Each structure stands twice: as C-alpha cells, then as structure tokens.
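Remarks on the structure that follows.
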Amino acid sequence: MLKYAIKRILQMIPLLIALSVIVFFLIRWIPGDPVSAMLGPGVPASNIEFERERLGLNDPIIVQYVRWVRDIFQGDLGKSIVSKKPVVYEISRRLPVTLTLAVGGTVISSVLGVILGVIAAMRQNRFLDNLIMSVSLLTVSMPSFFFALMLMLIFSVQLGWLPSIGLNSPAHAVMPLLALGSSGLGFMARTTRSAMLDVIRQDYIRTSRSRGIPEKIVIYSHALKNSMIPIITAIGLRFGGLLAGSAVTETVFSIPGMGKFLVDSVTKRDYPCLQAAILVLATIFIVVNTIVDLIYAAVDPRIRYE
Amino acid sequence: MIKVFLKRFAKKKLSVVAFFVLMFFIFIALFGPRLCKYDPLDQDLRNIYAGISREHWLGTDNLGRDTLTRLVYGARVSLGISFSGVLSGCMIGILLGVCAGYFGKWVDTVICRLIDVMLAFPGLLLAIVISAVLGNGVKNTALAVSIFSVPSIARMVRSVVLGIKNQEYIQACQIVGESNSRVIFTHVIPNAMSQIIVNTTLNLGSAILTASSLSFLGMGVQPPDPEWGTMLNNAMTVIRTSPIGVVMPGICITLVVLSFSLLGDGLRDALDPKLKNV
Amino acid sequence: MSEKLLEVRNLRTVFHTEEGEMPAVDGVSFRLDSGEVLAIVGESGCGKSVTSLSILKLIPSPGEIVAGEILYKGEDLLKKNTKEMNQIRGEEISMIFQEPMTSLNPVFPIGHQIMESLIYHGEKDKAKAKARAIEMLRLVGFSTPEKAISYFPSQLSGGMRQRVMIAMALTCEPQILIADEPTTALDVTIQAQILRLLKELKEKTGAAIIMITHDLGIVAQIAHNVMVMYAGEAVEYAPVRELYKNPLHPYTKGLLQSIPKINEDHDTLYNIPGMVPGPKDYPKGCRFCPRCEYAGERCEREKPPYVKRADGHRVRCWLYEGGEANDA
Amino acid sequence: MKKRMLACLLLTSVLLTTIFTGCGAKDGASSGNEPAPESAGGSGTQKEAEEPEETDGGGGEAETGYRDTIRVALNGDQDNLDPHNNRTNSIVVSQIYGRLVTRDMNNEIVPDLAESWEVSEDELTWTFHLRKGVKFHNGQEFTARDVKASIERTIDKVNTVNTTEAMGIIDEVIIVDDYTVQLVTGKPVGPFLQTMSGNLGGMMMCADVIEEYGADIGYDPETVVGTGPYRLAEWNKEENMTLEANEDYWRGTPTIKYIEFQAIPDDNARSIALETDQIDFMFRVPPSEVSRLNAVDGIHVETKDSMSLHLFLFNMSRPILEDPRIRQAIIASVDMETMVSALFGELGETVATAPCSPLYFGYKEMGAQPYDVEMAKELLAEAGYPDGIEISIMTCGIYNNGIEMAEVMKEMMAEANITLNIEVMERAAFSEAMASRNPDDQPWDMWIMGLGNMALDYTELRNFFRSTVEGTDRPNGSYYANDELDELTDKALYTTNEEVRQECYERVAELVWWEDPAGMWANYRTNVFGLNDRVQNFEANVGSEVNFWQMTVLDQ
C-alpha cells in the first residue's frame, strides 16, 4: 500500500510541471494583457509600456518562465500585478474559506447522498425511491446562481433568519453550504443508488442473508462496502468540483474564496496570482485524487493486487 | 426483447413522464418556430418587462421582446448545444475511460493524469481559452461543453471498468483469444452501459447549465440570439419586480435537466442486462 | 430412525414475471429426520434450488411462496417474521451454494465473515469467536488457519472457498445443512474431498443434510433417501438402495440409464428424448408425458397423483395406480 | 404504509439536523481573515435594535443615539489607493486625500488646502497660498514642500503615473515659502482650476511618503497618507476596507468614526444586503431595483448628477466611415430617445443633447442627434450604398446596459437596411483593444466608450478627438482627424478668455455632433445611491465624492 502511495506521489511531480508549463503559456496566449487590463481603457500607451517593462513582461516568455520557476523554489510565488501584495498572502487569505466550503459541501452532499441513495435502492421503483430521486434531482437541475438567490430571498429576506453576505460567523456559512451541498446531493444519491442496485443482486448478499445476518448489516455493511468504488470516485469528483467551481456561489454570497479569486485573476489577467492559484488548486486536487485511488485499494482488495 | 424493455420501463412512472416532457421540448425545438407569431428579435421598447397579456402570453423581456417566442427559439439552441456537445464528449470520455480501465499500466497512468489535468484546470479558464481562440458563438459553446463532460465520464467509466475487468466472463473471453477491441465493445461497454447512461443523461442536463454560465460570462451564445441561459441571466436583475422573466427560463432549464436525469434512471433500470429477471 | 426434524407439505413457490405467474415449485412435499441425508435430484430448472431457498425464505423478488407449510420442529417457518427467521438461518438451518467464486463477500477477510455468523447468533466474546473460526478452518482442511483468517476470498482457489463456505455454514452447529450443488463448480478430485469432508462433519455434528444435485454418482455416495424432481414437482421418492435397484418412474429410469458404466462400452450414450418444458408450457396431464415412452392416453389428460407404496417408495405415475394416495 | 411514513419523517429530520448543527459545529468562525475590527456593525440577523458598540479608546464616547460606524457597499473594490494611479473612481481616495482646490457638493470650485490663489499677468504662473496648521495622517504638517513633491510626481515624464497626461499642462513648481507655492504652465491654460480640482492628479501627498515608498504607495495603510477626513485602518482586498476618522481634520472632527466599505459585485445581493439591514449605504443601485427599493420602508434611493455619459465612437480608420454621410445615416437610423428611456428610464437618465454633460464649461444645448429613417436611406443612397451597408460594433458588459444598447441599435438599424454585427468583449480583452493604437487590433466600425471627467470642461473633447496627442504623432483613440477641431481645441485650451473658449467649444460641438460626426451619443448618466433612513444629511458631487464626515447614522 505504501509503495503504491509513494508511486502516486512521484507521479504527481511531472504532472505539476506539465501543468505549470501549460498554465504559464496558455494565459499569456489569451488576448488581453494584464497591464492594459489593470490600467483600463483610454490610458496612454507610454504608461502601459513602462509598467510592462517594470514587471518584466516584455522579456521572452521562456526567460519569464525560468525566472518564475526559480522563484518558486525560493518559496517566492511572486507579487500580484493588481494588488502588489505577495501572491502567497492573497492565497492564504482565500484558501481556508474555499476549503471550508468545499469540505462542508462535500460532507453534506456525500453523507446525505449515500443515505438517500441506499434508501432509494432498497425501495426501488416504489414511492420513496421516486420521491428521493426527484427531490434530490431538483436541486441539481437548477442553475446554481438561481438556487443561491432563491435561498437568499427565502432565508434572508422573507424569513430574516440568516445574513446573506460575507462569511464571518457560522450563521453566514449556512446558505452557501446548503447551496454547494445540495447540488452534490442529487449526484451522490444517484451514484449510490445505481451502485447499490448492481451489488444487491450478487450471490454473496444472498449468502450473508442465509447466515442469518440482520438485514441492516447486510445492507449497510456488506452491500455498501462493495459499492464504495463508484461512491468514492463521486466524492473525489465532487470535492474537486467545489474547489474551483464555487465562483458563482461565492460571487452571490460575496465570500472571498478561491473560486472568485480565480475569476477575478482571469478577468484581470493577473498572471502571478492565476498561475499560483491554479497550481495550488491542482495540487490539492491531485492529492485528493491520489487519496481516492488509495481508498480504492483499501476498500477493494482485488484492486490492490492488480 | 423490446416489449419486455417497454413494459419494464413503463413501470417507472416518473421516467415515462420525463420522457414525454423531453419529447415535448424536442418537438418545440424542432417545430416551435413555425408556430410562433412573433420574431424572437422583434423589440417593442414601449412595453418592456410587460406582464402576462393576451398578445404576450409570457410577457416581454428587457427589450420588449416576446418571452414565449424566445423560449421556443432558445430551446433549439440550448438543446442543440447540450446534445451535440455531450454526445461527442461522451464518446471521447468512454474511449478514454475504457482504455484507462481495461489496459491499465502506463496507458491508465497517462490517461488518468490527463483527466486530472482537465479536472484540475478550472473550467472557466478553459472556457475563456476556447472562446478566445475560436471566438464565441453556438459552435464553440458546444465544443466547450463537450470538453467539460469528458473528464467526469472518463473517470466514471474507468472505475466501472476496473470493477468489471476481473470478472470471470471477461477473463473467459480473453482466454478464448478474442481480440481486445471485440472484448471491449461486446462485453465491457455493455456492462458499463448502465453507468454510462446515468452519467450521459446527467451531463446532458448539466451541459445546459454550463452553456448558461458561459453566456453569463459573455463567452457563450452571442446576443441577440435567444438562449435559455442568457435569458435567465438577463432577467435575474429584475427578479423582484417582474419574476416571470426569470421563472420561465428557470423552469424550462430545471424541467429539462430533471427530465434527462429521470429518463436516465428509467433507462438504467430497464436496460441493465443483470435486471432481466426482475 | 430419529424423530422428524423438517416436514414440507405441498410447497408452492411462483415467480411473477412479465409473461405471468411461473410456478417454479408446484406442490412439493417431503420429510427430513435428524441425521438423515436427503438428496434432491433433477435436471437444472426443475425447481430443486428454489425449493431449498424457500425453506430459508430467501426467495428474491419477484418470487413468492404462495402455498404450503414448512414445519421445522413443528413450527411453520412461513409464519415467522424476518427477525425470527434470522434466528433460524445459520443457527438452525444453514446453506452452502454452488458458485464459490461469487458466494463470498470479496471485500471482507474470510475470518471476519465466519466470525460474523457467530457474533450475530449470540457469541459476544470476539476472542472466542475468533478461536472458533480458526478451529472451523482447521476442521475444513486449512493447514495454517491462523494466517488464513486474514486472507481475502480473491486469494483462494475454488475448492478452498467452498471449504470456507462449509466452515461458515457449520460454525453455529446447525441442525440442517442445505447444500445446493456444492461440488458442481469443482473438478472431480476436489469434489471427492468435499464430499468426504461433508460426511465426516455430518458424523461429528449429527446435522441432517439436504443435498441438491443433478449428479447421481454423488447421490449414491452420500444420500440415505432420494427425491427426484421434474418440472417443479416431486415425481419419485425412495431410499437410495431401493431407487437404484428398482426405479419406478420412467424419468428416474431414464436418468439411471444415461449414466455410462465402466465395464460396458456403448458407442452412443442413452439420453432422454426431448427437453424439459419451461414453466409457461407445462402440459395439462403428467408433465413428463411428452418425453415418456410409456405415455398413455390418460397421462395426457390427467395429472397422476403422488402415491405412496407399502415400502415407503413414492411415485407420481399412472403405471403404479395400485398404491394408496399419498397421505403424509 | 406505516413504515414508509416513518422513513419520510426520518429523512426530513436528518436533513434539518445536519443543516443546522452540521455546519455550525464544524467550521465556526473559520474564515481566513479575522472578523472586521471589534466595533464592526453587528451581523445582526434579527431586526432588534442594536446597542452601540463601545469604541476602543481614542475619541470621546459617541453621543447617545448615533452609531459610530456606517456600513457601505461598493459594487467593486478599489484597484489601489494611490490617487495618482487609481483607475477605479474617487469615492474612497476623496475621503483620504485633499486637493489645493476642489468641487463642493454643488460642483462649484472652492478652496481646499489652498486658502486663496492668483494668476500672473502673462497667465503662466499660478500662486497658491496654503492653509496653515493642516496635518497629514502621520502627524507631519502640510507645507509647500509636499505640494512640490506631489505635483512633480504627476508630471514626471520618465516614470509616468496615470494622471501624467492630464497634469502635463504644468511645467514647473516653485516654492516661494512654506505656505506659498507657484505652478508655472508652458502656455496660458484656460481650464487650469478645473483640472486642479477635478483631476486625481491634483491630490496632495506627503513628500516623505513619496520618497520612501514611491511606486508601492496605495496598498498598505502606512503608505496611504493624506490630509482628508479619514485614514486607512485596514484593507482586505476584494473583501472589506475600514477607514477611521482623522480627529484633527482641519474642517472639523468627522461625525462618523468608522466607514466600513464592502465589495458586493452581484446587484441582487447588494440590494438584498441593504434591504435586510446588513449595510446602511449603497453605491450604484441597479436600474431595476430603484422603484422597488424606494417602496421598502426604512430605505430610500437618492439620485445625484453625474459627469459622464455613454457613447459609441466611430472607428475613423475604417474606409467605409470616411464619408460623413455614411456616419450621419448610421446616426439617423437609431431612435436614441426611445432606447434611453427604455433602458435607463428607471435611473432618471435622459438622452444626451450635447457631446458633454450640461455641467461642463462650454456646454451648448444641441438637441438629441437627429433620427429619421428616410433621411438615413437617402444619405446612404447619396453616398453610393442604395441597398444598405453592413457594419460591426464592439461592446462590453462593464458599461451599464452596454450589450442591451447594441441589441436595440441592431434592431433599429435594420429598418434603414444597415446590418449591425455585434461582438461582445470580455473586460480585459476590451481594455487591451482600447489601449492599442494599431487599427488591425480594432477590426470594428464602432465601439462603446464612456466619457466624463471631474474637470467638467470641454477640453475633454480635445483629449478624445484631437487628431494626435500634442507633441507626438500618436493618433487619438478613434483615429478621428479634423484640422478645424485640432485648431479650435488648441486655441480654447491655451487662453483664459472664457468668451473665446465658449465660442470655440460651441463650434467643436457642431463638428462632432453632426457635421463631421465622431460618434453616436447615448445617455447622460446619473449616480444613484441606496440609503437606510437612519443615514442623514447625505450629499455627493458629480464624482460620487460623498460627505461622510458630515453625515450621521441614527441608532434605530
């Protein structure tokens, strides 16, 4: 198992290098340069040239890339073109917020999703199955900003229970987590249901029942553990999605997370921030995927021996 | 065989309803435009945000255009994007997923890492790159949508194939000497079919959401062509004063996405080879 | 013989499918005494497995037990709810299945699966349960049971897995062990070992065995009595010796004839003409009639009763009208 | 049936408990940044009256009945707080820095850090007499040395700042004594005071701070030092910013102790925040919310004049637009009046009736650009395009209704068989296209642009339409070239005789409006603010510079 984990970690390094190269060259290739984006329309070209020179944006791309990689190894991710603050500071301010939302959202959607999925599988084609499937789907089918705004209108305006902007107390986190969690709920419930339906008809389930194992154990231990593989994949995907994908929810609830930071950095072509943010998110995502793969091996022995 | 499939599919009432809802929308997308009496681009600046009235059954939008007509024309655009985008993305996704899961070793590693990169890459940046390189418009939105749907399908299919791969009947085929491609297409894919269907229908639904967020960022369908996502975004600003403008596209998007998922469920239960004896 | 353990009275189990109701088991009755080995024989699809599953009420939907009684020590199992049935399953009556490759849960070590049976039948102390599991594994032939406990099913061969199944089934010393074609999936040498193991364990634990098989060779080796089933019905029941020496029902005769004898050399093997009819198209009269050499006009019209003869030999065929009707 | 009902109950209870306990326990106040300073306005969820927070030392106890903090929502964060380089707006920098002369709340030019001033005979030297006893936030006294350092920073041709071009009219700064300073211009400059009062370049910074921090000014509190009523206490970019009252502000101690700015980009979220009492004051109310917010009790909307307007510039480097009749036809094909009232009516904005806002010096009422579809067709025929032309327009969402205007124009132009192709650009790509002076980077016949400057003087048309930037061969933004206009705008700039300037600007207006049209003017804009009723004596000038230091927040 450890050998397998180390192998996966080592595989990460070439990927990060490849990603850093792709990101570095891709964002410089998109039209719109950071300085004119920052200076805005109608600014004399001399200012733009001067600033580009100061930031070294006119040097050949290769030189810029090498300088950037050298800085990284010295632990300096560079300065944000827009806020002139070190990128590390900008990210350290936003990462905990996004991680909280991502973890919270994933936990809510997976815990509820699995429970609902199992119940739906047990009562296939009956009332509860249809009820769970349609309710859990409702939230998935709604555009996220539409759903987020609905929440805000109901809980913040009509009922006045919850504050709707910022994230400086648990009460503030309720709606964003509800928005992020519920969108994953439908996906998790459906994945669990479909995996459970496959497993329930297996012979070993009948064997367990023939040994007098209580039904609850047969379902929640024997059957569920066997359907863990698709479920874990879904959780990994869900967490990854939330990492960079919550820009819309963060914008609606004015929460300064990585999602919004990415959107702003892209819109303002803030290269240093963009590169660092993508690398940080990619690293977290790859680590999560590695953990998911390791869990595969832990859950299903057959895979480990592959 | 079809009779059995239809009878079992009929059992899941919700999926039947979903099927008819989708047929209704596809009908609208194909034949709707002939039935509308307005042109979706006709503006009437005198009565903008007009409420429901006899001439405008669903009121008008911020430029006085008839919402109902734009919904009908928008159906064609939105459904077109999601079908073409997702189906192409799904093909690529299945291929990648199967190869990764089935062949394993270095093929698996390369494809997995590729998927990781695609997933790690924020969708938004991908969208901007595509629109910057190819320009905006319907075609490129479909391309963006298909690229978005590849990673999730590929990863799902891989995990299913991993599960199926070491079942006896797959090894049996290999022993008999069947070529890999035959094994994959006759045995592996049909068995992964239930997961693929579930995922494709989900992606078909989320494709519409992706298209709408793309147009939200100004990179999707170019104004003034009607598209559900753009209509929803524009109407969001007046959600409190004339909610009809938001409610209708919102309902259409939600209904279609919901129907896709329920249809997927129904298909999954009806088509799944193992469920024959149920 | 010892007292009556299990009695099944015209058990009827049907499957509700798209094409209507399929009677997989159509009024089967038999008796099992403690320590007895009853073999249920018949071609595949004759309902022998469904019969055994009905006893433990393990019929998967859309199957359903619609009629009959299963008296175990006088109590009708069909009346019990799942909670009570769980008391009986594994502790009073336990079962091993045909397909060792898929009958063990792939994600749990075999030690855990054995201990589980004990834990859910009252054994609170984990250490004792573990010791018992090790002892059972040694009993079924594992050389290093302490290590084997932590193995996963995927690490074992078919034969070994079947031994684990047997160990699991017998850990709570059940009164009855139902073996649903335990050796069919195994090759002959392993088959013999498993049968010998079953016989030894039967002696040791005194458990009665219902052996479901289509292999008459096994029946001869292990069974006291034999019941032959055809198309969802019991067509003949007799002690082993009696059945081999004096088979009454034409189907049983056909079965016995189709076994190749070592000393005779035939160029062609005898086989019973025709195919077993599917539940949809059971004939009105005797279900074997279309394939029966002695089929008379009456066989087509009327279904023969299941008659009991003086020596306890039962048969369902118009040829033996003399015996009094089956009253058991 | 009973079992199923049980399952439903279980399901709903699980859902509710997870939601309310799950996240409460799990993450606590875990947001990365520590909560805003302890006296921040309550994140009160219920509507119960809020007891005033006790302030942490410094400044007397706030009078009973008033709050010491006002919570303000902006639609976007400032890019930086260095006045000479700030590109966002002067909402925040106007609270921190002072100018020599400035615009009061009725947009008149009034003394600020300079008590009085006079100009020499040859109108080249402006002498300013500075106010005594004015202190910077870092305690240093404001003297002529600071004026010299600030002005020289803006007119430095080597490391230029954003306001260098506008402040270029000044050649030299002479210190007469500690409280007298002379600004020398190359030629007599008509709108000198307008420039000094309207332009961010005119804001005075501390000489030592300039020396010490130079280009890094504008982000950390210690580099943001001015003489204004508020100093920068804390700034979490894109999130919130807190300004603290400057007790020894020379006009008097501000009545509100803390201003808490918060960036809420989403229009709906911003209005809801005002409605649910999470903020007291809001900039830029979306058009659709004006009437609704007014109807909410406890909240009202106030509209103030703005200096800016929307227009669509013709790209004169495109051959098809050479003939003025084509441009006139394009203008005549669009009914601007109806479009503006439909899209901007809620904000009380009207169609533009002159190249610049009525508040500008040099303004002459021209009446909206003509709208006559028949005339448009005739003009096209005359110009040799009887069956119409096809042109392209580029627009961007950062302008209010920028995309909707293009859609309306496309529909209207079709009547005069002019086919308009719309291309929507994303913010950064738009800025780059506008900054470049190379026609191949700008493949459109028209594009959207905003016009407006606090100098409130028609000189701005010179910046927009003079064929080349004075002293260089660099073309203006839309490649417009009209010798008469160049001559007139130069003449108007370099004279202080107001009649002559007015005359020149009226002729310039006629040129760009219809004779040799430079663009299609859309709507005069307004600044719309949303206020909670507890906020009192609110005033603002054209640059949205609000008098927070005189305002009060009732505690109810």
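Per-chain residue numbering starts at 1, and chain names A, B, C and D are given in the order in which the chains are listed.
What we mean here is this: contacts are C-beta pairs under 8 Å (C-beta built on N, C-alpha and C of every residue); 3 or more make two chains touch, one makes a residue touch a chain.
Nothing here was measured: the structure is a model prediction, and the numbers come from that model.
Among the chains in view, A has its Cα centre nearest the centre of the complete protein Cα set.
By number of C-beta pairs in contact, the leading pair of chains is A-D. Measuring from the averaged C-alpha position of chain B to that of chain C gives a distance of 51 Å.
Here the CA centre of chain A is 21 Å from the CA centre of chain B. Chain centres here are Cα means. That of chain A falls 36 Å from that of chain D. Averaging C-alpha coordinates per chain places the centre of chain B 42 Å away from that of chain D.
Across the assembly, chain A contributes 31, 149, 153, 201, 300, 302 as residues in contact with two or more other chains. Across the assembly, chain C contributes no residue in contact with two or more other chains. In chain B, the positions touching at least two other chains are 128, 132, 236, 239.
Across the assembly, chains come into contact as A-B, A-C, A-D, B-C, B-D. Residues of chain B touching chain A in their complex: 11-14, 104, 109, 112-113, 116-117, 119-125, 128-129, 132, 152, 155-156, 159-160, 162-163, 166, 194-195, 198, 202, 205-206, 209, 212-213, 216, 229, 232, 236, 239, 246, 250, 253-258, 261-262, 265, 268-269, 272, 274-275. Residues 15, 17-18, 61-62, 101 of chain C are the ones that touch chain B when the two sit in their complex. Chain contact summary for the complex, chain C toward chain A: residues 56, 58, 60, 82, 85-91, 94-95, 97, 99, 102-108, 116-117, 120-121, 152, 154-155, 165, 168-169.
Residues of chain D that touch chain B in their complex: 267-268, 271, 286-289, 291-292, 338-339, 341-343, 397, 403-404, 406-408, 410-411, 422-426, 429.
Against chain A, in their complex, chain D makes its touches with residues 4, 7-8, 11, 14-15, 18-20, 22-24, 26-33, 35-36, 43, 45-47, 79-80, 87, 159-162, 164-165, 215-216, 218-219, 236-240, 262-266, 268-269, 272-273, 275-276, 278-279, 426-432, 434-437, 449, 469, 474, 477.
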